[in-house]
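Right, I'll just put the structure down here and ask away after.
Per-chain residue numbering starts at 1, and chain names A, B, C and D are given in the order in which the chains are listed.
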Amino acid sequence: MKWVVRNADVAHEVDVENVPGGFEVMMDGEAVRVDVIRLDRAIASLRYVADGRSFSVSYQRGRGREWRLGVGVRDFDFEVLTPVEAVEADAAAASSGPSRLEAPIPGKVVKVHVAEGDEVEAGQPLVVLEAMKMENELTADQAGKVTAVHVEPGQTVDAGQALAELE
Amino acid sequence: MKLLVANRGEIAVRIMRGCREMGIETIAVYSEVDRRAPHVLMADQAFPIGPAAAAESYLNMDRILGAAEVAGADLVHPGYGFLAENAEFAERVGHEGLIWVGPPPAAIRLMGSKTESRKLAVETGVPLIPGMVDPLESVEQLEAFVEEHGLPVLLKAVAGGGGKGMREVNDRSELAAAFDRARSEGGAYFGDDRVYVERLVTNARHIEVQVAADQHGNAVYIGERECSIQRRHQKVVEECPSPVVDADLRRRLGEAALAIVEGSGYQSVGTVEFLVDPEGGFYFLEMNTRLQVEHPVTEEVYGVDLVREMINLALGRELSLRQEDLVARGHAIECRVYAEDPLKNFAPSPGEITLLVRPNGPGIRVDSGVFQGSIVPLDYDPMVAKLVVTAPDRPAAVARLARALQEYQVRGIATTLTLFRALVEMEEFEKAEFHTGFLDELLASQRLAELHGVQDPEAEAAAVVAAACLATLEAGALADDPYAHAGGSHWWQEGVRQLHGRFPR
Amino acid sequence: MKLLVANRGEIAVRIMRGCREMGIETIAVYSEVDRRAPHVLMADQAFPIGPAAAAESYLNMDRILGAAEVAGADLVHPGYGFLAENAEFAERVGHEGLIWVGPPPAAIRLMGSKTESRKLAVETGVPLIPGMVDPLESVEQLEAFVEEHGLPVLLKAVAGGGGKGMREVNDRSELAAAFDRARSEGGAYFGDDRVYVERLVTNARHIEVQVAADQHGNAVYIGERECSIQRRHQKVVEECPSPVVDADLRRRLGEAALAIVEGSGYQSVGTVEFLVDPEGGFYFLEMNTRLQVEHPVTEEVYGVDLVREMINLALGRELSLRQEDLVARGHAIECRVYAEDPLKNFAPSPGEITLLVRPNGPGIRVDSGVFQGSIVPLDYDPMVAKLVVTAPDRPAAVARLARALQEYQVRGIATTLTLFRALVEMEEFEKAEFHTGFLDELLASQRLAELHGVQDPEAEAAAVVAAACLATLEAGALADDPYAHAGGSHWWQEGVRQLHGRFPR
Amino acid sequence: MKWVVRNADVAHEVDVENVPGGFEVMMDGEAVRVDVIRLDRAIASLRYVADGRSFSVSYQRGRGREWRLGVGVRDFDFEVLTPVEAVEADAAAASSGPSRLEAPIPGKVVKVHVAEGDEVEAGQPLVVLEAMKMENELTADQAGKVTAVHVEPGQTVDAGQALAELE
């Protein structure tokens, strides 16, 4: 199968073919034979047949095509897409709308610093969310105008819930 | 004999382990979200005490004392946090005819007040950082102090601790905002919005002395701990001994600590915290009248069992330790594993732990409050475990820590292991060249990001190949493939938008 | 630098951990059944070397040396067992231009021969048990020896070790059968069916001395280990220090050990084994020219890292330890967790480990060669892990061991944990009143059975209630209930006919 | 549901009823309220509601109705049967045939000490099986006559495989 494995830093085209005792992998035009053994749903062993190099890989799928892989002490976040999906994703990204502030985690709204109509600069605090005994200041990721505020102090919110809209 | 642990998480487990070894039965209390928590599983008896919110469960004295009565408890151990330094609770435990595993309420009250404890330090001749002994009445008062002593200054909630309710101010324009925030946090978390100010000693190290005192007039200091690697005044890495403390400074710190112990009528194990400036001068900060989170590094290096000692002291037994017998051997380093994502400005990362592989082998100790499948609740302190490594000397301990961090795998939640893996490779860490501001400065800079992002093409290529192969396997997997993705992963819910190796600027 | 570990299981993992801490890359070799084994997962490179049968894989010098060449190894560590004490392999490693992590082949050959090593002991004035220096030529010769020295006697395969190829004979009528069995085992496992005989010292303790010597004429002894709890001459529980060795005896044992080291030209870490009779007299048994299974108890009590030391010595570095610095602190006990069922006369119990919960917290170390989901193969030694506890003194260590045994849960295979749980409650164990025959006598008697079977009505009632509730849950479970039984449990395959708490008579 | 929980030492009649937040259990005529929480397929937590007594129970099912439960440091082997099954099992047991020597574990036959027709005593060695580097002597569980020997030296056998028959 053909895959596009990418994140903001890297993008690789990988062609994977099942063969007896492992996989024949073509990565960016280079061929390698590997053996991948899944030990459970979170750990796998990757071995290069040619030189015996062995890696213990922890992995986890996120939403959609997101994967987080751990190799040794390094974590890597990738999208793993089919070529078609990759093209669609790019198209979607190009036509991104106004910015929206979402709660990164469940928590309690302690303060709301802005009101509808306010002009804000990038990095300006908008909402203070309390979780795990710490106050977390959520800031504007871009300069713009506040078109809507969906929450008020004291309110509890879920992860991903919209708090405010910018444009 | 039965002991009730008025706490949760790793410290409740640690205390119960100590009790089992002493032949003492254990009683757990738990909130609704902790029904499956390890401390509940380990206890001989377990009682629900209310909903998730700490105020209605782990801070609810009536419910806890009620459980103690039903269970027929003889002792109550508060652990750290929650009611550990609450003098009223200690008193009520006594009034119920139970034994409080901790210092006398009077000592808790005395040392719990920043102002009172500072007064005691003055009386006993222990040096202090320039600061106001009484709480601030107004912003004006704060500005006056800054006028006199200059910046930076530190705002501290009178009842604060553990880095909570503390704010550093470097710019006069921030004074008012910081004052408000410190007061609101103080009120929210400690029910006391009084705040006081002190001069911030820069490039200082946080070095604390472990003490133990019995009810018969015996007291010892059990070396020091270096806790200078902090994030927002919250300890992240601790070690024993301190790389900068020699025998003479150790003795002087120890004697200053024992002066505080004597002056406060302290009985139990406890910790006296100092700031040590680059010239080796030291200043009394505060005393923690409880078992400390980082007590294991002292246990490993001095070969003592502080939980057993603490319980014996509460039972009125004599101190089993003599000053001359307390000799350090080797070097220990503790890393606090928090459910926070260093790649997302340390955003809390609650959720289910879908994978947990612990390091093991020589010189590794993990005190943990979770297991694979645990759900880390949003309602409490985000620390899920403590990784402690011990080796014959500091370089070997650092190497062992690096090895342990390779073995330690957690999935489902983001943890500070990611931070430690970058930290352990740094020259400053290897050389122990740090101060209390070290980590915050590092996080503000791009250096850690660059370090973490160090090109590791071999690992990256392996990750890409593995991702593609695993995606292929899943694409071909049947619905009932036991290894197919289980879904509901929480790191995603945090909204993973960050890039590989990108640290908060 | 790259090191190839010519071994498997917990010792391969232990060695690789040491290498990681030293910055040395690791190379694993594995047989077909070990494709998923931990030592393979931990290595930087891994090479298959053949089918399950040891003779075709872990004993196959050509394949192992071939892997070393392909991988570009610099060093080879043999661990224990397999080729660890094979002088020919050590020589071939040298001829390939690789560094052998162990003593010189000549020393292996000398001490590997019971007869030669006994001759050396005589020369160096180290006391010996009455016995024949040369192998037995016939049963008649054996009967003659018994005629002269009496019973009981011990038959030992010349190339034997680790309790293999050893037979105790208490009755003249058994002499012939025992002779045959000892020879057949010797031939089968060591390729050498020669057997010799010695007088069996009764009520003796097995006490061994850890030694280390470099290539520059420096040598030290690192205390002793008590290994008297054995089953059929196979060590089961070891501790450090020995409860019966005082400073004087320790020095005398140490000096005797160093005499053997010097006399044999030994260079590396090693172990000199002695029998100590109830009067404190000691006799040289043999020298193990390798890293010992029970090395961790010495590491814990003396604060040393024997794997690191061994590798440094192989690299020609000077001994990092000085005799005067080696001071014992605290007490450590190791239990060998075997895949054997104490409830079925220690029948081997291979199979899949369906549940593995390891103890943790203060003073606990687990060196393990398996993880949950591992399949313990039938083809190798049944030891799957070593539980090591350390505490300030022996009583605390025993209490900690009892605690650890409560936390340690293994399902899918039967293990000797069941034995240790009974043992740790015994007065003889608490008082350390045992000798090398203690465990075998205990197993032959009914005492352990009665002890294990101690009525624990509360636990039994809980088990009955839990069984009924779980059966109800499963009866009501849907087919896709993730908690529904997975099937294929191996303890059953062993044919569970035994009763609760019934030990072999 | 009604169950008979028994082994050679004990036999209990247990009636289990699902109730909100746990189970109502009638054991040998005594009623207790318990809460049973399964943490995974091998560990459960048992709590008595009345006095808070809490037990961490590891469990595993064997073949058929066999269970092994671990409570603290003790292991218990039970059959968990419906009343009907219990009766049937008793009937079956009553009509047990001649004794048969089965391999308790997989392994290699090293020696066969007896031949068809031999008279043996209880405890007499019949076959030596090698597994995990140890020779294991399998002995006669009763006195009798060897009616059949199914294996010869050098042969590998599976667990449960018949080695010899006695009567």
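The criterion applied here is as follows: contacts are C-beta pairs under 8 Å (C-beta built on N, C-alpha and C of every residue); 3 or more make two chains touch, one makes a residue touch a chain.
Bear in mind that the values here come from a model prediction, so they are computed numbers and not experimental data.
Two chain pairs, C-D and A-C, are weighed by contacting C-beta pairs, with C-D ahead.
The geometric centre of subunit C is 30 Å away from that of subunit D, both derived from CA atoms. Separating the CA-averaged centres of subunit B and subunit C is a span of 39 Å. Centroids built from CA atoms put subunit D at 51 Å from subunit A. Spacing of subunit A relative to subunit C, judged by their CA centroids, is 48 angstrom.
Within subunit A, the positions touching two or more other chains are listed as 40.
Listed for subunit C are residues 402, 406, each touching two or more other chains.
Per the contact rule defined earlier, chains pair up in contact as A-B, A-C, B-C, B-D, C-D. Put simply, subunit B touches subunit D in their complex at residues 27-28, 35-36, 40-47, 67, 70-71, 371, 373.
Taken together, the subunit C residues at the contact with subunit B in this complex read 13-14, 17-18, 20-23, 296, 299, 303-305, 307-308, 329-330, 358, 360-368, 391-392, 396, 399-400, 402-403, 406, 480.
Across the interface of their complex, subunit D is touched by residues 164, 181, 184-185, 188-189, 339-340, 343-344, 347-350, 354-355, 357, 378-382, 402, 405-406, 409, 411-412, 418, 421, 456, 459-476, 482-487, 489, 491-496, 498-501 of subunit C. Across the complex, subunit B is touched by residues 37, 39-40, 45, 47, 51-54, 56 of subunit D. Interface residues of subunit D, counted against subunit C in their complex, comprise 1, 3, 5, 7-10, 12, 14, 16, 18, 23, 25, 27, 32, 34, 36, 38, 40-44, 46, 55, 57-63, 66-78, 80, 102, 104-107, 110, 130-136, 159-160.
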